[in-house]
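One chain, subunit A, links the two complexes that follow: it is found with subunit B in the first and with subunit C in the second.
Right after this comes the complex of A and B.
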């Protein structure tokens, strides 16, 4: 008995496409081709294998009516009890401050507009990624420098109603700035009415009329950005494999992507909101999955990716990232009773009655409250009778 | 597409962004038939979404997304474009 040709294996296996996932099709094809080289596979055996794969796939699918949401909640919730409660941790990447464990997971699910420790991973394009000094130069350009970072001393001269700034020479050199350059930025920021004089490394700023105004000016001057990308407070250059990568504390995804030398295809941030805004809802979904699973994995917890994908799907299903909770997934349920059962019961019931809302009692929560069978598993099936007296639904 | 578009970056090609494609009327109807759903029962995508704008998706369109799935290799997903 002779075996089938590799072409037959390929064409037969590929007929499975659409019926089973691509990854299964590819793996089956690879395996069959390898085995086919060692010994002959008869046409009959090939069909048997394909049928067996189809059946195995079918039997591993989630059954209709399975409570996938509840299973996902428990599968993430239980390992969650073992996570660290400590908010901050200096881990892995040099001296960068990252949020880990449960606080980070909560932050992702709440999709806070500004994560407590925003972080960007900035990849560089070839000439810059290969050379440490070139990568350093970009890092210098990215790091935000404010007046506060440069001054060794700041005096408020009440006699003459002026501010006296002493700039540190070493810090100026480190940031590649000069007193005249600082003056230039200051006069642009403060407007033409403010008089600024430079004497070596001392700056005299004269503008204020009253004491309170002088104080306000002092506070404002401290925060003025001299160079760099807004909100990026710290940069670390690190070699990863063959290339130099910049890690930043503080995130400003939109600005960083505009910079020359930055790889616009791989650079990312851990701020989901920024990803949603700049790369869209599908990228946000991917980022949510990535962030959640890496947070769990980092704590040594194995949670099946399917549970995490379900959470990410629920959070992005409306076309924008919604948090899990009062202002998002749970708070926007269509059933009044389900919402009332989650949080602030009275408010939900009151508002619903004011608006004359209707509850179809179709969900799990409502069914439990009203003592009806829940629409899960066998409960999700309705019988339709046909015959003398037919009834719809 | 407003004037903001010019200085905006094209999100397509980023590692986090899967391939999006606007389906034709017929393809869209076929998807709705296959899953036995009405358009608003699909996951949504706003017409202001950066990728939706890049591919010129209008409210009422159905977008096909080729996801790199963690479990299935590749997976097709659909989103219904809504105003926003």
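Right after this comes the complex of A and C.
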């Protein structure tokens, strides 16, 4: 018996495109080609396999009316009970501060503007990613250095109303800075009225008139950024497979993307708000999915990605990332009764009545409150009687 | 299986009845039959309950009840 040629297999399988996901098409093609080498596949068998795949795909689709939201909530909620409640510090790769488990999941769903442990993964472009020293150099450029990081001592000279900074030589060398460079930055930051004198590694700053002003100045000087990217407090260079990758604590995505040598396609942050602002809503959706599933996976919990995608979709449909909760998905429901059932019942009802809001009673919550069948599953079906004999034939 | 008035909403169309639709159709038809509605096919003797008869009718494709589907959209 002769089998069909690999070309026929390919062209026949590719006809499935559009009906079945591409990944399934590709897998089917690969498997059929492999099997085809070992033994002959007849044209009839090929058709039977393709039909079976089509059938299996169609029957695995979720049916209209299925309560997918509830199923998603349960599917994430149940494994959620097994997650760590503790926030781990300095866990995982390279001693970076990471939030894990339930606290992180809550943080993602709340879409806090600044996550408690912002992290960036900075990928580099070829010449830099292959060479440790070049990667190090970029990492140096990224890491934020403040005056505080350099001084070994800071005195407030009350007699002359001056600040006396002693810079550490070793740290200056490490950060590739000189006292005169520090002076330059300081005078730019503090304005021309402030007088700064350099004596070897000591800086004398004259400006204050009163004691309280001197104290304020001291606090301000400590925080002045000398070099690096704002908010990036710690940098770790690590080899990942063949390339060097920079991990940072603290996130400033916009500034990092502007830097030379940074691979803009792969570099990422765990701050979803930042991604939304810089890359847009679709990227934010992907980031939400990625962050949620990796948080769950780290805890050894496998949640089907479709549940997570549904949550991410709900959070992003309106064109901006909304949190799950009071100021987002739950709090902005169109139905008054649904909102009242969620939180602060009286306030919602009162305000709705003042505004003359209308409730179409089409959601689950409203239907339950009013004692109607819920519009899900069998409750979403509208029956009609078919007319006379002629129509039935 | 009845397929007549189903589908028609582009990628949202489903060619067959969903399990929910099937349940409602058979349920409603069984109620009619139990209250004395004429059965539309010759029913084999071994079928006893109204639900069994409704199911048989449904499978034969003569069940006079169908569903109205609305295009997905605002809820």
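Please note the rule applied: the second predicted complex is superposed on the first by the 381 of 393 C-alpha atoms of A that agree within 3 Å, B and C clash if a C-alpha of one lies under 4 Å from a C-alpha of the other, contacts with A are read in each partner's own complex, and residues count from 1 in each chain.
The rule is short, and it goes like this: contacts are C-beta pairs under 8 Å (C-beta built on N, C-alpha and C of every residue); 3 or more make two chains touch, one makes a residue touch a chain.
Model, not experiment: these values are computed from the prediction.
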Which chain, subunit B or subunit C, ends up touching more residues of subunit A in the combined arrangement? B
Touching partner for A:283 - first (subunit B), second (subunit C), both, neither: first
Per the contact definition in the header, classify A:26: touching subunit B only (first), subunit C only (second), both, or neither. first
What is the contact status of A:362 with respect to subunit B (first) and subunit C (second): first, second, both, or neither? second
With the two structures laid over each other on chain A, which partner does A:14 touch: subunit B (first), subunit C (second), both, or neither? neither
Tell me the contact category for A:319 with respect to subunit B and subunit C: first, second, both or neither. first
Pick one for A:132: touches subunit B only (first), subunit C only (second), both, or neither. neither
Could you say whether A:215 touches subunit B, subunit C, both of them, or neither, answering first, second, both or neither? neither
Would you check which partner chain A:268 touches, where first means subunit B only, second means subunit C only, and both and neither mean what they say? first
Mind working out whether A:230 is in touch with subunit B, subunit C, both or neither, as first, second, both or neither? neither
Note which residues of subunit A are touching subunit C in the complex, please. 63-65, 362-363, 375, 377-378, 380-386, 392
Going by the contact rule set out above, which residues of subunit A touch subunit B in the complex? 21-26, 257-258, 264-266, 268, 275, 277-283, 286-287, 289, 305-306, 309, 313, 316-320
State the interface residues of subunit C toward subunit A in the complex, per the touch definition above. 12, 14, 18-21, 23-25, 27-28, 62, 64-70, 72, 75
Can you name the residues of subunit B that touch subunit A in the complex? 9, 11, 13-18, 20, 43-46, 49-52, 65, 67, 69-75, 79, 82, 84
